[in-house]
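In the two complexes that follow, subunit A is the common piece, with subunit B as its partner first and subunit C second.
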Partner chain A sequence: MDKLVLTPRGFSRVPLEAEVITPDAFAGKSVKEIRALRVHYGNREVEMSEYIHVQGKVADAPVDQLIVVDGDARHIKYIGRGMTAGRIVVQGDAGMHTGSQMSGGDITVAGDAGDWTGAEMRGGLLRVLGDAGNLLGAAYRGSSEGMTGGCIIVNGSAGSEVGSFMRRGMMVVEGATGPFTGVHMNGGEIFVFGPLGRRAGAQAKGNGGFIAALGGAREVLPTYVYEATYAPGFMTLYMRQLAENLGVKHAARYIGEPLRRYRGDMAIGGSAEILVAEKGAP
Partner chain B sequence: MSFKHNGVDVEDTFAEGFGMWGSRIIITAASERWATTAAGSMTGFATSVIACDCEAGVESSVAPDSTPDGRPGVAVMVYGFSKGKLSESMLSRMGQCVLTCPSTAVFNGLPEEEADEMLDIGKSLRFFGDGYQVKMRMGDGWHQRRRFWRIPVMEGEFLVEEKMGAKKAVAGGNFLVMGETQDAVLRAAEASIDAIHTVPGVVTPFPGGLCRSGSKVGSTYKFLKAATNTPFCPTIKNSVKGSKVPSGANSVIEVVINGLNEASVKRAMGVGVDAATRVPGVTWITAVNFDGKLGKFKMGLRDSLEAI
Partner chain C sequence: MKELAIRNGYVFDPLNGVDGEKMDILLSGGRVVEKVKRGAEEIDASGMAVMPGGVDLHSHIAGSKINIGRLMRPEDHRRDQVPKGRVTRSGVGYSCPSTFVTGYRYAQMGYTTVMEAAMPPITARHVHEELADTPIIDKGAFTLMGNNYFTLKYVRDGDMEKLKAFVAWLLRATRGYAVKIVNPGGVENWKWGRNVHGLDGNVEDYGITPRQIISSLARVNEELGLPHTIHLHCNNLGVPGNYQTTIDTMDVAKTIKPRDERKTTIHVVHCQFNALAGNNWMNVRSGAPKIARYVNGNPHVTLDLGQVIFGDTTTMTGDGPWQFNLWNMTGNKWVNSDVEMEAGAGVVPYTFKPNNPANSVQWGIGIELALLVKDPWRVYMTTDHPNGGPFTHYPEVIAWLMSRKARTDAMNAMNKAVMKRTGLIDNYREYTFSEMAIATRAGTARALGLEGKGHLGQGADADAAVYRVNPTQWRPSQYKELEKAFSRAAYTVKAGEVVVKDGEVVATPTGATHWVNAKVPEDLEKEFIKDFEADFRKYYSVSLRNYPVEDAYLPAQRVHAAGGASP
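Right after this comes the complex of A and B.
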């Protein structure tokens, strides 16, 4: 892959909206043209080079483009938004909306990621090595579908409304999640290895969607019906995938572990599932 | 015309194979006992389409580290005359023999890139869940996309992959083992089957892989479309007109092979013949054909031995 290094020229309290930071926007251009791409700094439109130093090699096709953001990018929003291919590595924290609506390629954030990370994601792989903010992979306000494909994995914890209106795809949080995880969920899989936040799965319809609370749950909504405690065979397939394809080594530990199966949200006649590891069941 | 192989006369002829649709599935279970039980049940009464709805057999055992869910598995292959017939047989046999068997799960054993068609077997089987079945998705947009159905059953949950691969395959690979005694011929045929089971992509649908009766098309009775292969029955070799049993042969057993492609069947024939000719008492090997009137695949015994 051809590597292009973007170095933010210091931290700013005024956010920088830089949705041009994608392999799709960079590929085929010269470094000079990339430096001149327009970004929003507060309410001003400026050349990217004013706030980000750019150097390196540009690929002909997005799939061959590696973008390394070298430095604190907490104030930079929309990194990798809508990207279809290639790779982005943020060697620090990333701002809000990172990887939102992406449909391919992969993004790795070495630090923490802001709110709306992976919002309405359609495909690709998004990995956050630190914590993620609120509304991870969620639907934007007014949308009826959040994540429809791809995979988000967070090594740390995540905030509230993780996977809201999720339709398809996979989300893995190795730490805890905040309230309303999987709210309005209508498909997809959410795996939480830490404690699951309160009111998980509220208004979830089902369509094969489930939340696996492997680290236990503080509570399960009363509109979820407890069915049985069993070791579902299908979970083995997911745990192996997590261990072999996503490097979640401790996932293998949950193979064959009994889970408490809850079905709901009955408040809306839903058939989603919350599967709570027996040890952490309420 | 014949040639010698391991000192045994092998007739320079061919087995006449014909086209069928074939599919492979992997049955897994909590233990080898239940995986084998389900596979045996599913492949029962599936020796020949002369009187069975399909032809089926166990291809091999699959070690836990090679199955999708890490449990002991068995690879089963089913063959039908058309995609429709194959689907029907797989659906009914899977529904009656595997879904009902404790702890089992079923996975596709013929990936889409190797298949000519993907059959909606699991998708049809899901209705057994009576509305409580759950669709399971994997890999959407980031990894290999797969679909399964989780069907609630009294024991727990039956997991089945939504689609099973099928492809145009080859049936009717065969050879006949002849010898001085029944015992020698049976031992030689057993050695053939053991050797054939080392070849991937083939099954031997008859009991234990062997067919002692053989069969010929038609009979002296109007109501019977197939009968014992009289030209190869040693006990009437001097009574039947046109007997093909050579002098000195007092027993004949047929080995029948179906495979996912011609090369696999040919190779299986080769290793089978080679193994049989190493057993003392075997005097003659030949193959059954219908002068090219039955099928388009002509798998020569000489070619098959050269293929190993």
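Right after this comes the complex of A and C.
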């Protein structure tokens, strides 16, 4: 992979909207051309090089492009938006909308990621080593289709409305989640290893979707009905995959863990499931 | 005075019998004229098609309904953002475009006149505010009357004179252009959670039927001599098997005597949604042949298509109960709106999918209607924007009508139900350029009674469109080129001014709002107002004095007289 290093020229209180930071937009261009790509600084359109230093090698195809954002990028929004291939590594924190609508490739954020990270994701792998903000992998306002593919892994915690309107794909939060996790969920899987936030799965229709609260739940909505306590075989497969292939080391400890199955949201005749580890059941 | 000459184009002006002749169109002072001075601005249209500016007679572009759509669909805007241009303002598009983008995009397709199809009287101000903000195009709005308390009351009492006075007064008060009727009686019943299921259903609390409402309003419409016929959205819309209701509805207006020169007495809107045969959505078939047979044998009917375009759109109609059904079917977002004493509405996003058998049949029905009705002057191209699809897809519909290959290619890519349950596969008709000009401008202008529009004869409004397609060389297999030509007009001229060049908006003048000033004898008007005022004070949330639209809301207006009287 050809490595291109982007160094933000210091933190700014005015956000920088830089949806051009993707392997797709960079590949095949010269470094000079990349420096001249347009970004929005507040309400002004400026050349990227004004706020970000660019140096390194550019690949011919997006799939061979590695972009390293070296430094604090809390103020930079839309990193990796809509990317289809290649790799982005953010050494520090990343701003809002990181990896939103991406459909391939992978992004790693070493620090924390802002709100709307991985919003409406279609495919690829997005990993946040710190905490993620609100609306992780959510649907943008008004849309009835959130995440439809790919995988998001957060080593820390996540905010509210995680995976709203999720259709397919997988989301793993090793820490806690805020309220309304999986609200309007309509398929897909959410694994939460810390405590699950309140009102999880509200208005979830189901379609095979589930929320696994392996770290227990503070409460389960009254519109979810308890059905059984069991240790489903598919969970063993998931946990093994998470531990062996996706680096969620302690997932292996949950193999064979008894889970309480709740079904809902009955308020809308849904058939989504919330699987709460027996130990942490409310 | 600004003068313009469009030289050497192949002109299609069906109202004046011009069919592709190479000639010059000369414009001066906002009119088509015989001569212009030397040195007038010139457009070289050689090798291109020249037509009058497009006239759309049914589109939802302004008012409370489309605004509800705008509010509830941020995801629709997000997918189609329009940046500010040199002369244009920024906005958003797709199924609920902002007013400015609506004006620009119509003009880019060579359209210069568009009618908003449903204006609840009490929100008329809102409609006119938005129309005033819709640049370039001329426009008008049809006033909803079919479920208005006063209409129902006068129909119940059999008081045709007062109904006439009411219709005339309401058109004037709302600055409306025509009488719009939506699911007559059904929307009234919807206030109690019910609907009517056919022409002879009971309208709650009034003891009347939709048949009575339609025939009364149609009669009053003609007696007042309004330029357009009644504009009717039939009962049972979207109910498989409803083609019979539609035919029966058309038959209601058969015995009505039309105003002087016009032969038609009823316009059935977005007929595709009302031409469904079969028993349910699983086995829905095309009822287009039956409708077309009736229309071909009865010259008093006109209709428009309401063609389906595959993709995500926002359905919005004054037909509250139907939108509730659609919400039940789809589970999408839904807004229901109840307009005091007057009307109702609903808005539900909907996605027409090519692999869905019912949707593919609906697509086929629209095209089939256009092809089976023999008289091109009585069937008009619309998508019922945005119900069947956004108006920006008109060029595709034009291609489907003018090229069998375009249709076959489209059908091959969709559910095979379209081949089995419509007769489209056996239909070889292809619209000519002239017929297309009728379906999109000449016919619609005539149906609306807009005398200056839809043609390029002496004295006509200087609205014209030049399309980059050579009609002498074009073959139906080149439908993609046709689509391109019609989506980006080489030139659009509005009131003698070039507003679009090579598909880009270059000027944004203000278009006029057309409305009809209908009159009844003074003593009748007085008697009506007395009665009207009493009920109004009792039941309305506003006072009568604040009800009519003031002229300040119409920065440019064109008043049309009813019944040949001076306005």
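Methods note: the second predicted complex is superposed on the first by the 282 of 282 C-alpha atoms of A that agree within 3 Å, B and C clash if a C-alpha of one lies under 4 Å from a C-alpha of the other, contacts with A are read in each partner's own complex, and residues count from 1 in each chain.
Following the convention adopted for this analysis, a contact is a pair of C-beta atoms (placed from the backbone, for glycine too) under 8 Å apart; a residue touches a chain by one contact, two chains touch by 3 or more.
Because the structure is predicted, anything quoted here is derived from the model rather than measured.
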| item | value |
| --- | --- |
| Touched partner set for A:Thr84, first subunit B, second subunit C, both or neither | neither |
| Which of subunit B and subunit C A:Gly142 touches, first, second, both or neither | second |
| Comparison of subunit B and subunit C by subunit A residues contacted | B |
| Overlap of subunit C and subunit B interfaces on subunit A (superposed complexes) | none |
| Residues of subunit C touching subunit A in the complex | 72-76, 78, 332-333 |
| Touching residues on subunit A, where the partner in the complex is subunit C | 140-144 |
| Interface residues, subunit B side, partner subunit A - complex | 68-71, 105, 134-143, 148, 150, 156-157, 159 |
| Parts of subunit A lying in touch with subunit B, wherever the complex brings them together | 103-104, 121-125, 148-151, 168-170, 187-189, 207-208, 230, 232-234, 236-238, 240-241, 245, 255, 271, 273 |
